[in-house]
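See the structures that follow.
In the two assemblies presented below, chain A is common to both, partnered first by chain B and then by chain C.
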Partner chain A sequence: MSILKVVRHSIKRGVVTILYPRVPIEVDEFYRGLPKLDPRLCIGCGACANACPPEAIRVEDRDGRKVWRIFYGRCIFCARCQEVCPVGAIELSKEFEAASRSREDLVFEAIFEGAKCRACGRYTGVTRREVELAKEILSLSETPRELVEKLSEYASMCSDCKRKLLREKLAGVWRGGGS
Partner chain B sequence: MVSEPTIVSYVSKLISMLPPGSVKDVYVASPHKAFVEVDRRSIDEAVAVAYWSLGGFLSTMVGVDMRPRESGFRVYYVLSIEEGISGEKLWLVIWCRVPWHDPKYPSSTPRVPAANWYEREVRDLLGIEAENHPDPRRLVLPDDWPDGLYPLRNDFEYCERPPGRPSRYRFMPEKVEGDGIVQVAVGPVHPLADEPAQFRLFVDGEKIVDVDYRMFFVHRGIEKLGSSKLTYNQVPFIAERICGICGYAHACCYCQAVEEALGVEVPERAQYIRTVLLEVERIHSHLLNLGLACHLAAFDWGFMELFRVREIAMKIAEILTGGRKTYGMNVVGGVRRDIPIDRAKKVLDMLKELKSEYLKVLDAIASNRLLQSRCENVGVLPRGVARSLSVVGPVARGSGLPRDTRYDHPYAAYRELGVKPIVESGGDVWSRLIVRAREVLQSIEIIEHALDRMPLGPIVAEKIEPRDMVHGIGAVEAPRGEDVHFVIVRRDSRLFRWRVRASTYNNWPAIPYMSRGYTIADFPLIVASIDPCYSCTERVIVVDVKRGLVKELSYDRIVYMCRKRGVANVDS
Partner chain C sequence: MEGLKEEVSKRIFEVLRRSLYVLRVDSGSCNGCEIEIFATLVPQYDVERFGIKLVASPRHADAIIVTGPVTRQFAPVLRRVYEMVPEPKVVIAVGACACGGGIWYDSYAVEGGVDRVIPVDVYVPGCPPHPAAILHGILVALGILEQKIRGGRYEEGIGDWRKPLAIELIESSPLEISWELYRELNSIARRMLGYLYGSNILKEYLEMLAKCRSIEDLRSAARILVEKHGRDPQVELAIDAMNKAVERYLAKRRKNGE
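Presenting the complex of A and B:
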């Protein structure tokens, strides 16, 4: 029966707690904290919103623009968004101090300009950056140059106009005059 | 290895012990598992035979609404055969069809007490009545839930919110007679419960005569959500939120069930990573429980020191997964994050530190009898009662039952690593603590071995073929005992049914048996010994039935009583 052992152990140990808010806590190199979006890289494709299990990330249409929106209150820090992002715009930061007095502080939005249809001038439902990226990928591929130009034209049209164009072309083929 | 004839011999023994013609169909799914369809009228007989004569434990029971594919329901009893004649460990699933117009089947509870909660849950959620069930009260649904509305039936939408109706739960002791019995209510939110629970202690002076409880105040409808809105690859992320401590075990268990159903071959490296993470989780959970036991025994030094040691385990989890909890790591078919060699080395170093610190603290705790004197011969659960209730985890092992899913039904990399269950025979709170204390060391050893032997290769299965209406059972030894997930997967990558059975589900019904004859001051310690999680608010209502006096005690008060071993002043 010796409580002395306990006392000796404690004295040897000393103070182990740290003055947390004043002394920052160091987290691991690959820590999964708040997901941060780099709006300069993001193209607004919504892959992250599709993958997000708790639907913390959403991409909505707002007057032709695409609004990327994260609500940190729902985030489970699973890094699915980081995994699926095609351009590497999302990264889970080392930040973990998300506590706030107001809900608005936990919402982050990024707005992306929508692409307008080359033919009718209406919004196409995709962002300008998406169109640009699609064209870029096309030009880097081994597709013949003429086809690239043609496909790039399609890329900046809305689905209605594309359908119309295709219809006209098919009608042309039917009449025996199409290219 | 078990050869196929073994399971066949078990099934034929079952058939020979049942009335002729009651077994309708037998399907041997694997050398370790068989599905036996029996007639609805003899399901109780079949379960009792499998439980007592074939040496089975009730692992889970599932009710499934098969409409519109079939004209009714199904009831599955999943038994883990562990005490068989030749010692093999098998899964035996006994099931029956229940027609929709007459949703009834005979209850197994009178002969197999372990089925008590399961049958009540099936009645609450699916409206399938177990005839002759001794307890007619609700278990899962809230008391103000309307009659005749069953949330797990297919015609009930997951987002429906029916209006409530006024009602009251009736606490009833099993056999309490005589004057002077006072009721002490503990709850509705218990300090040590992973779910808020309300206990009613029937006391004679200081002595507990009987205990009754009401739980499931936070039934969240996760099963319904998982089998309606989510795809099966989203479910692991909600599965790990079933529990705040052993979340990874649930995610792992769920993934194993789906992998089994879909016949997915999980890469070996992923199996080893899962093993490592499961053991990290066990270390931090056991250290938490040991710490809390010290706290409740008014030995706060042990509490602080064990939590300091536990911090190393949390840091290991952070290194391996990126979060202090081992969350977001599992997907169906493997894991999402690899363990590079430099990180594995770092973890091994930290484990060495953890081990030496832990042994020092244990040595200091064992140097005096502060903790031991409070825990010895308190909350004794005899082996026979433990057997009849199918308790799991350290509760079973503390009562001399060598039950450990890692050993009985090896999963992940446990077959290669070889785990022997740690068993103590005392059956008291102290034995359960000793089991946990020894298991921490065992876990450290397992992680060291696993990191050492981990094979190279991919960490997630390449291809997953969809299948329709296939069954899968996943079992994982979580820190508190065996978790069992039962799934039926549909072709459209959703779940038809997902049944979760957490380890504490099998352990709670043992609380009344552990508590009888001990004092109110021992009660928190007894509840803590089955290792439920810590919840924050607590109220204790002391009811004097004779005078109709109601007194509420704060959470601090009951913990104070436990720590001081004080006397409850009921009258004042």
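Presenting the complex of A and C:
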């Protein structure tokens, strides 16, 4: 009798097969698919590379430029990059058809220009966009105006030059008798 | 649909003169990928409609689906399994572990990817991949569907940086809100609603805040926002807290101004 039950049930349910490759599939609203970078928003800070558990995202220096690189083959779609991104540049899309014949097709690379020090002209180790964003945030913050200008100047200097400037200032204070 | 089914069957028949037999090899996976592979066999996805069938022995198989990061103990076995499969053979690596090692990419106990042991024809990333993605991967391996993902490269040009939405909204706000207030709103939204839902709500809240001219405006607009989210009590609480933060900020600024 049980087989009759099954037959009755299947007649009642009808065809449940999704005609997938012909008809696109609809995934859930919160489905976590391939993380997509919007390279025009990204500042190349590397917060995503720090957060990425399998190091699918890597940010490395190449002649002063920052190279942002994702290998989708290793990505576990945990969305921690989306969580930590300060500018909302990386988001998990609804795409999931990532089958690929070669490893190279699973790699996306974005190259960002490094910022040069205002004083000595060497690369500072941060990107130009990071400096620009820092200046934007400073101008919007509650910091006093005169301090904002000074800090904006410091933002585009390398740590060596900043240290040198501080040394000179301290020396000046010392010579000037604490004025 | 019928057309594709015939196409697949014809292609498989041209090469093999019978159905495609697939062997599933678990090389130390957590069984998440296995569950998704079996989900491709359920009536909803039904991979067998293409004449693709799971078998138990490598000697019967035409294609092998490998999951897991290939533990060191299993690597010689996987090599033997690969040799046992008769030619022509296809290897499909399913899951993040099989494609590149996953979160065990640098562990001493694993080889870190199937392609370090045997040649791989198709990679199907995902942790675990969607059943439809596995189906797509098998059809890509057979050369019936085209792969959709392509590698990309971007190089920064002069002045093509776009400011983040939050900064644009703060700049356009008539209430002259500061970055510190934004940070506070952000932390409230994330603490009370989680990062994903919270950042969605925060975006809507900031868009609303950028249009408000006074605190009364903000209160009435916030009520509409709560209505829009179906009076979700958690959203209501979070938006209340955000309103209070804005009020505190405005009161503080008025006090400093006087």
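The rule is short, and it goes like this: the second predicted complex is superposed on the first by the 174 of 179 C-alpha atoms of A that agree within 3 Å, B and C clash if a C-alpha of one lies under 4 Å from a C-alpha of the other, contacts with A are read in each partner's own complex, and residues count from 1 in each chain.
We adopt the following convention: a contact is a pair of C-beta atoms (placed from the backbone, for glycine too) under 8 Å apart; a residue touches a chain by one contact, two chains touch by 3 or more.
These numbers come from a predicted model, not from an experiment.
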item	value
Which superposed partner A:99 touches (first chain B, second chain C, both, neither)	second
Touching partner for A:28 - first (chain B), second (chain C), both, neither	first
Partner chain in contact with A:54 - chain B first, chain C second, else both or neither	both
Touching partner for A:109 - first (chain B), second (chain C), both, neither	second
Chain B or chain C, by number of chain A residues touched	C
Partner chain in contact with A:9 - chain B first, chain C second, else both or neither	first
Contacts of A:137 with chain B and chain C, given as first, second, both or neither	second
Which of chain B and chain C A:172 touches, first, second, both or neither	neither
Partner chain in contact with A:71 - chain B first, chain C second, else both or neither	second
Touching both chain C and chain B, counted on chain A across the two superposed complexes	16, 27, 30, 53-54, 76-79, 83
List of chain A residues in touch with chain B within their complex	1-3, 5-6, 9-10, 13, 16, 27-28, 30-32, 53-54, 76-80, 83, 92
Residue numbers on chain C that touch chain A, as the complex places them	1, 4, 43-46, 49, 96, 99-103, 105-106, 113, 115, 121-127, 129-130, 132-133, 135-137, 139-141, 145, 147-156, 160-167, 170-171, 178-180, 195-196, 199
Contacting residues of chain A [partner chain C, same complex]	16-23, 25, 27, 30, 34, 38-41, 43, 53-56, 71-79, 82-83, 86-89, 95-101, 103-113, 128-129, 132-133, 136-137, 140-142
Chain A partner contacts - residues on chain B that touch it in the complex	230, 234, 237-238, 241, 301, 305, 308, 315, 318-319, 321-323, 327-328, 336, 360-361, 363-365, 367-370
